[in-house]
Amino acid sequence: MSAPPLEISHVTMRFGGLKALVDFSLTMQPGELVGLIGPNGAGKTTAFNAVTGVYTPTEGDVLVAGERVNGLRPHDICVKGVARTFQNIRLFRQLTALDNVRIACHAGATSGFFDSLFLTARHRREEAHILRRAEEYLAVMGLAHRRDEISRNLPYGEQRRLEIARALATGPKVLCLDEPAAGMNAAEKLELLALIRSIRDRFGIAILVIEHDMRVVMGVSERMLVLDHGITIAHGKPEEIRRNPKVIEAYLGDAYLEEKHIAVPVEGQAR
Amino acid sequence: MSSARAVFRSVLPFLVGAPILALLQPVMPADYAIILVSVGVNVVLATSLNVVNGFTGQFSLGHAGFMAVGAYTAAKITVGLSGVQLILLPEAVSNQLVFAIALLAAMITAAIAGVLVGMPSLRLRGDYLAIVTLGFGEIIRSVIENMKFLGQATGLSGLPARTNLVWVGMSAIATVVMARRLAVSTQGRALFAIREDEVAAEAMGVDTTGFKVRAFVISAAYAGLAGALISHAILLATPRMFTFIRSIEVVVMVVLGGLGSITGSVISAIVLTISLEALREFQAYRMVVYAALLIALMLLRPQGLFGTRELWDLPLFRRLTRNRLAAAGPAGASPAEVRDDSTGPKGVA
Amino acid sequence: MTEFLQHLVNGLSVGTIYALVALGYTMVYGVLKLINFAHGDVYMVGAFSGYWLAELVGVRSPYGADPPGAGETFIKASLVTLGAMVICGLLGFVIERFAYRPLRQRPRLTSLITAIGVSFLLEYGFQLRPIIRSPIEFPPGPSPRVFPALIAREPLEVLGVSLSNYDIYGFLIAILLMLGLQYIVYRTRFGTAMRAVSFDPQVAGLMGIPVNRIITWTFVLGSALAAAAGIINAVSRPKIEPLFGLISGIKAFVAAVLGGIGSVPGAMVGGIVLGLAEEYVAGYTDSSYRDAIAFTVLILVLLVRPAGIFGRFTVEKV
């Protein structure tokens, strides 16, 4: 039995006196679809950053395919199999859609300057290979017709899809999507749901999604975690989460609970 | 494409350039020749600096330091081996060979300097990197000024006159070819990615520090080449030739041409060198006009002449290009210029 | 021991000058996040302004057949100094208003290059042959001028250390100015506004702070301080020429970075520390490396602790 693609074990992120993430744990199996929700500032993106190497966990371990990656630089972790998109789209804005994806295709390789400068056979082969792969990923995300378009000129929804295509091109075992539906209309969100599932089906990778839109995240997740002020207050299937009073309180406040006469257990409160 | 054809295409620019320049050399009047040498050297400088400042988006202000390293290395070799006549070769050929070795050595030592400067510095952002590279450039110069072995403040003189149109032309071609090939390659795209969004590039598997250092080293090597060439044209290598004012002059050339545009760097180098030569009589006013131009440029057209566009992005050239991969685009093509063609068949025939 | 104290005195003397100039760098960086390359040249203009004002005001040699009375000397010296501060303040205003303000929304590289352009403009502009010859020669031209002695120089000896009243006065004036600035920055509304702008210009604007005006006045203040530094320096080291602001400017910048760029107390501390470091290293080793010391300090700081002594390193939010 091989190691799970991603294992986050009791990770805590502390910034000076501020605890942004407390004792966060999550193990993902290949092909799993997991949702991560919570009010603003709950620590969701912090969790992403801790996993992808932007931050080094203050405590705890992150293991990718069984290998501990704490303290590695983001590009190393990417090569080991974790890819991500960003809350505020971070495309290579002046580059074409094709170039955005091609860059990700070559993830991990630093050498090769010699080949590029002297136009060796290896260089030409690799360039052709990368071009083919990049075009494939663009096609999978329905962006083949935008290949030579400068990415900042793309409509918003397509930019988000391009970011996903780019992340996919790194060949990850785990894909972390940070609010992929933000800014989309209802129809686009439905398409996105289908797209995420089809990515999982086609590539067999585990997908972790941060989302605010409940319908999107409940529609795509097989299980969910809820964060509030850095603490995991709930973990389970979407239907369970939906009914969980602690989750409701975290999002809507205790006034709502009182109004609905819902009792909340005292311990484990996130305040 | 077979290997033989690939190699041929690789060296084609040089095979064409060398004979032309060799023929021009003897008929060129001396005062024009020196201007052309300056132009060529500045093309090498601007294009090589563009790799770091333009492609990778890092602001380096220490180019002159690498020039100095290259200049002094080459000088030491040519002067040191000046009496030596390589066995079995006529003197003229021997001299050229020695110079070739000197140039190569200049590039290597400058590259090493590039590693030493780049590795610690490239962890820093924007303004800080600019200052540190400036600082390193000055430290290099300061060290040279204090070494008796390198002639201290008076520097090295009596360098053999080896630089000529052929060498300068070949070097300029080599630099432009290097930059162009880099721009359309995977490594070049990685550099552009770093420029566009370093965080995202890192997240997509690009070893940003590694690439930044490599870009820096390549750029430094060519700066060393330029330094070696210029010192063997004016037959002198002194610390005062390589102050940070020199670095800034190169930066101005790159910015004027457009950061990231090879065409821009080349044309800007040509235009600026010739203009400055033409205005030579107005010595002091020259710099004042230069400064005023710089300010005006930043206020009115900060993207420079060409922005990130290239001559070969124009539809005309795209139709002429037979290489599919190359036509897939050096990064940063302007949409206005490219759009009509890109809706046509992919990979322009 | 006397050598040690001598270096201490010299170090403090030159350090306070660095500190005054460094304050200009740090304040401007604080509100604009811009390294004002031209600041060192403002310092140079300050010295020259003093030179011209001295001529206009008729500073006569303190020695000679008819030396001026002590009162007259002080009045004239103050006039010259304050006048130069006003002139440079004005210069700072002009530079900010016409060269930097239009570029505020653009990427920082653009402003950096413009700053270099302004710096060149001042340096080379001042090196042009005089166009106006009377009552003063402007531009001064490349040849060095000798700054007049504003007050009579009286050498002193304390504990075997030789200094002069220049050193004492210079030091006192510098300290006074720095204390004054501390007061302004931390005890007045203007200072609070300035600090607010340095934290977040957008929000400061939303809170009703006239951001543009604050920035302009920051420039004016920084430039005035540089002018004062220029005069204090020129009195002790009277040879002035258009390019001498360059190297001092860079050293002052290093001082600002050392103290933590953006931090006012940092600039003061950084300046003094750098002055002392320079004096001691150059004094006990080979003095020809004097200029390289500043760069070495710079590189060490940036590699080991880029935030400087008092600086805060902001993390980019991903």
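When the chains are written out, they are named A, B and C in that same order, and each has its own residue count from 1.
FYI, a contact is a pair of C-beta atoms (placed from the backbone, for glycine too) under 8 Å apart; a residue touches a chain by one contact, two chains touch by 3 or more.
Not measured: the values here are computed from a predicted model.
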Nearest to the mean of all protein Cα atoms is the Cα centre of chain B
Tell me which chain's centre, taken as the mean of its C-alpha atoms, is farthest from chain C. A
How far is the middle of chain A from the middle of chain B, if each middle is the mean of its Cα atoms, in Å? 41
Taking each chain's mean CA coordinate, chain B and chain C are separated, in whole Å, by 36
Once you find the CA centre of chain A and the CA centre of chain C, what distance in Å lies between them? 50
Could you check chain C for residues that touch two or more other chains and list them? 318
At least two other chains touched by the same residue of chain B: list those residues. 199
Mark out which residues of chain A touch at least two other chains, giving numbers and ranges. 54, 86
Tell me, which parts of chain B touch chain A in their complex? 1, 3, 6, 9-10, 178, 181-182, 185-190, 192-193, 196-197, 199-211, 214, 218, 308, 325, 328-329, 331-333, 335, 338, 342, 346
What residues of chain A sit close enough to touch chain B in their complex? 52, 54, 73-75, 78-79, 83-84, 86, 90-96, 98-99, 102-104, 106-110, 112-113, 116-121, 123-124, 126-128, 130-131, 147-150, 153, 166-167, 169-170
Chain B touches which residues of chain C in the complex? 35, 99, 102-103, 106-114, 116-121, 124-125, 127-129, 142, 253, 257, 286, 288-289, 291-292, 295-296, 298-299, 302-303, 306, 316, 318
Sort out for me which residues of chain B touch chain C in the complex. 59, 120-121, 123-124, 126-128, 130-132, 135-136, 138-139, 142-143, 145-146, 199, 248, 251-252, 255, 259, 284-285, 287-288, 290-292, 294-295, 298-299, 302
